[in-house]
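The chains carry the letters A, B, C and D, assigned in the order they are written, with residues numbered from 1 in each.
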Amino acid sequence: MPARIGVVTFPGTQDDADALRAVRVAGAEPVSLWHRDADLHGVDAIVLPGGFSYGDYLRCGAIARFSPVMESVIAAAHEGMPVLGICNGFQVLCESHLLPGALIRNDGMLFVNRDVRLTVEAADTAWTGGYKAGQEIVIPIKNGEGKFTADERTLDELEATGRVVARYLDNPNGSARAIAGVANAAGNVVGLMPHPEHAIDELTGPYPGPATDGLPFFTSVLQRLIDSELVNA
Amino acid sequence: MSEHTYQADTVERAEASPETEQPYEALGVKDDEYARIREILGRRPTSSELAMYSVMWSEHCSYKSSKVHLRQFGERAPEVDFLLVGPGENAGVVDVGEDLAVTFKIESHNHPSYVEPYQGAATGVGGIVRDILTMGARPIAVLDPLRFGPADAADTHRVLPGVVRGIGGYGNSLGLPNIGGEVVFDACYSGNPLVNALSVGVLKKSEIKLAKADGPGNHVVLFGARTGGDGIGGASVLASATFDADKPSKRPSVQVGDPFMEKVLIECCLEIYAEDLVTGIQDLGAAGLSCATTELAAAGTGGMDVKLDLAPLRDATLVPEEILMSESQERMMAVVTPENLPRFFEICEKWDVISTVIGTVTDTGRLRMTWHGETIVDVDPRTLAHQGPVYERPYHRPDWQDALQADAPDAARLARPAGGEQLRATVLRMVASPNLADKTWVLEQYDHRVRGNTVLAHGEDSGMIRLSEESGLGIALSTDGNGRYTKLDPYTGAQLALAEAYRNVAATGATPLAVTDCLNFGSPEDPEVMWQFAEACRGLTDACQILGTPVTGGNVSFYNQTGSEAIHPTPVVGVLGVIDDVARRTRSAFETEGEVLLLVGETLDEFGGSEWAHVVHEHLGGLPPKLDLERERQLGEILVAGSRDGMLSAAHDLSDGGLIQALAESCMRGGKGARVVLPGELDPFVELFSESAGRAVVAVPRSEEKRFTDMCVFRNVPVARIGVVDGDTLEVQGQFEIPLAELREAWTGTFPKLFG
Amino acid sequence: MARVVVDVMLKPEILDPQGQAVNRALPRLGFDGVVDVRQGKRFEVELEGPADEAALARVREMAERLLANTVIEEYRVRVEA
Amino acid sequence: MARVVVDVMLKPEILDPQGQAVNRALPRLGFDGVVDVRQGKRFEVELEGPADEAALARVREMAERLLANTVIEEYRVRVEA
């Protein structure tokens, strides 16, 4: 049985098609999940993609967090299912309290779409096993409210427990300690402001490259699922 | 005031009170137009009918001043076999092969964007995307050609940031990549910015949708946002003038968009299309329900009964006249058979989209509307949709045109830089000037990646979108326009706009196919403006014939002026191209050291309307660059063939700022320098800064130089070797050398300094 | 030091997509009995000096020019207890 | 019908980029004497019934669960005169 990776669509989600493609390119079977449907349809991992769920009105991710599908995602995450939230998905995970902190308006006030350099700091999460700790990668960001914020105690704890997954080399939005992505304590839930699904092929990835630095997020989880014998290679 | 106490002006009342005075002038209806309405109806119109005629016969909706000139786009169009839907529908549709079709159109939202830049621009994007959606297509990209007053003017600092945020805010929230556009500054746009937006969509050839209400008994469904009081200043005049008793509550002066609503509306429509549940569909744009009902009815079986009081409202105090004129965003109207209705509603419910049956298709030939049971509209819909007034506006060549053209920017008139030092300083000044400077500050606010099919976007000659992951089939789009050229010579100026967009598309390796245009002009009541308009239309038509690219649709925006001062006539032209495999796209970046740089095309001493004359001398006079459209076509073929045969490593079209600007951009984009040896006998300044049309610079591997050059010679297009890609400076031998870092600082510094 | 509050709301006739979104979400979360929600902005302005008439006039000008977009928004300036 | 207002502000320890942006703009527009600006949200909630204690408790729950993100924000619920 091949790995089945679900991609959730909320009303206002934009990057679901991209995430589904990334899952497919990585070699897993992409499965569309609909926000009103609490059934996870037997998926082995879940991506909450980018976009503007519910228009990003009120707060990014605030309304999506109450969708029926999120009840199931939260339960599955607590049981260890790998969950990746990208951009708006990261915001949904924070609003759901699966991840600490919050994402607020960028320091520059503006929406920023830019290829950024990151270091992958934690190579032991479900989604980053394919990277080397400290590896530098290029992945696009595109957000208006991507400034990661948490109280000092939480930030210290994230650092101390190796849960800072990725850090900006040139902090584009004033994120606390240049944090671009974090994980939960178990390492199965990862939230990331940059968009790895936009860096998976030479034709459409960052220019001038490297163009495919995002792909390992998707191949890593596949490898993790195979290693844990949840699915066949 | 509740709706029930509102005493509607019924047909019965209209018949009984022929002498009632009606405030038609306040609605922009002329005496003779009002007389014609009475003649058509055989009585005075009800206030609701008057509201409808006033909007449907407005310049914006009826094209009454432009129609006689626009006709030639269709009548003298080049013979092609790929045009599936031509001008006249919501957007043109072009066959791009593999069972796929593409629909694209450009529109303006100039005036609203001046009043409220964010919402004006945002709703401009929303409107054009709905036109694309209406054709049955999934919208897949947007472009935004923009014009503002001087970059350092206070008002530009109010307008530009808001416009850019609005286009980004709305387009990004729809999940549509922004793949191109323009940002141009000129004092003529002070107080009248141009905010044009182009959208493109893709559909199966067999699934084109049309705006017609066919089949008596079919339901007329209004779905999407509720109707509010947006954009109904005029209607309120009418309502309150006729019935001053209970004045309706205050009406908003600006339309506010809800991109989230539009996003779900798009997905909802696409699901409805996929199951083939509509027999006709129309978006609600300008003139809202008036336009949608009349156009659907006029194009279909011919009749429609509507219960207007069933329209879901955002503001319960709206009266029928206002509901008919409301321009509330994010609404659509569909014609649905009774069998399909339950499934249609189900899909709307899935997407939380409100949908309401408000009427029925009939074969009466009449559009009838009732308000709580009383008939308030009873008209032949064709008289509204198709039989509006047509004006043969007088036009004549302005008296000042000769003097303007005589004021040529020749060397005797405008001091030219001479010698390496002066040329070097001019290059740095030019790359930093607002029209030529790096637009990253703007472009970073737009998502160009969403949907994952963007092969080329900002910084390239045209945007390119992959349509098929299997075959690599794709499309390219570019928009261009030059108000200064068009002011100097409207006929040639319009052609130059087309030629530049055409060249841009070809430069990326795509074959130019078809055209959409947004004609931004001053008042049509000014015979000199009308002459500019007539000349531009004639020029565009002629050029389209030679290039073989039909106009498929577009938009006219008149009355772009501050007081009596009109903007430069500004036709903005969008060209759509097709490419069989996006993997062979040509970028503009110089990437590989040692590759040969070739200049294709001929350079003349042409500075009329040039960026150099504008920036350095604030001068506008003379004639625009000459245009040889046959040569332009040859150049296009060379660029496409060069891409197809794998000869080209880079290509960049030459336009504003001339050769040196193109070289600078390609160097900075690829992070590689260039060593340039000027070929001709011309003054180096002319070689570097002239804006002669029909030119491009290309980089080819040494092994391909001969083959490429032969191809040019064979087609009788001049080609000259001008240097190599090399090092990290831009060097013009014997003249000057500029380190890329210095060039980049000048080029990238301007926008952050102005707006950051 | 004094605190002046500026409340900025969309004019009542202007569409408020944010408020609407909240409105629609409430019943799903089991909150009934809400007829309408409108969402606006609240600015807390800390002044160096006292919130006297002159200072309030200045804050009003600030609201007019910067804090509110008076084409679509209205504002109210008040001293917070 | 009664109107209840919910004010939501970032907690004082969270840096407020929007307030900071206003702060920086003020002197450029010629406004001095402002020590700090913070920007938050204001919700006007129209209730079907009266704003009695039970209703206020419900609005407080709404704020806690939806209108504010209590990880970074604090809120206040009050009946507007």
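In this text, contacts are C-beta pairs under 8 Å (C-beta built on N, C-alpha and C of every residue); 3 or more make two chains touch, one makes a residue touch a chain.
For each chain, UniProt lists the protein as follows: A = Phosphoribosylformylglycinamidine synthase subunit PurQ; B = Phosphoribosylformylglycinamidine synthase subunit PurL; C, D = Phosphoribosylformylglycinamidine synthase subunit PurS.
Here the structure is a predicted model, which is why all the values come from computation and not from measurement.
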State the pair with the higher C-beta contact count; candidates are A-C and A-D. A-D
Per the C-alpha means, the centres of subunit C and subunit D lie apart by a whole-Å value of 9
Centre-of-Cα separation between subunit C and subunit B, whole angstrom: 36
Roughly how many whole angstrom separate the Cα centroids of subunit A and subunit D? 30
For subunit A, give me the residues that contact two or more of the other chains. 54-55, 57-58, 63, 66
Send over the residues of subunit D in touch with two or more other chains. 66-67
Of all residues in subunit B, the ones touching two or more other chains: 258, 260-261, 352
Each pair of chains that touches is included here, namely A-B, A-C, A-D, B-C, C-D
Residues of subunit C defined as touching subunit D within the complex: 1, 7-9, 19, 22, 25-26, 29, 31, 33-49, 55, 58, 61-62, 65-67
Mind pulling up the subunit B residues that touch subunit A in the complex? 165, 168-169, 172-175, 258-261, 263-264, 267, 350-352, 443-455, 466, 469, 582-583, 587, 589, 591, 670-671
List the residues on subunit A that touch subunit D in their complex, please. 58-59, 62-63, 66, 94-95, 97, 100-102, 104-107, 109, 147, 149-152, 174
Quick one: which bits of subunit B touch subunit C in the complex? Just the residue numbers, please. 115-116, 118-119, 225, 228-230, 249-254, 256, 258, 260-261, 314-315, 328, 352
Within the complex, which stretch of subunit D touches subunit A? 10, 13-15, 17-18, 20-21, 66-67, 69, 71-72
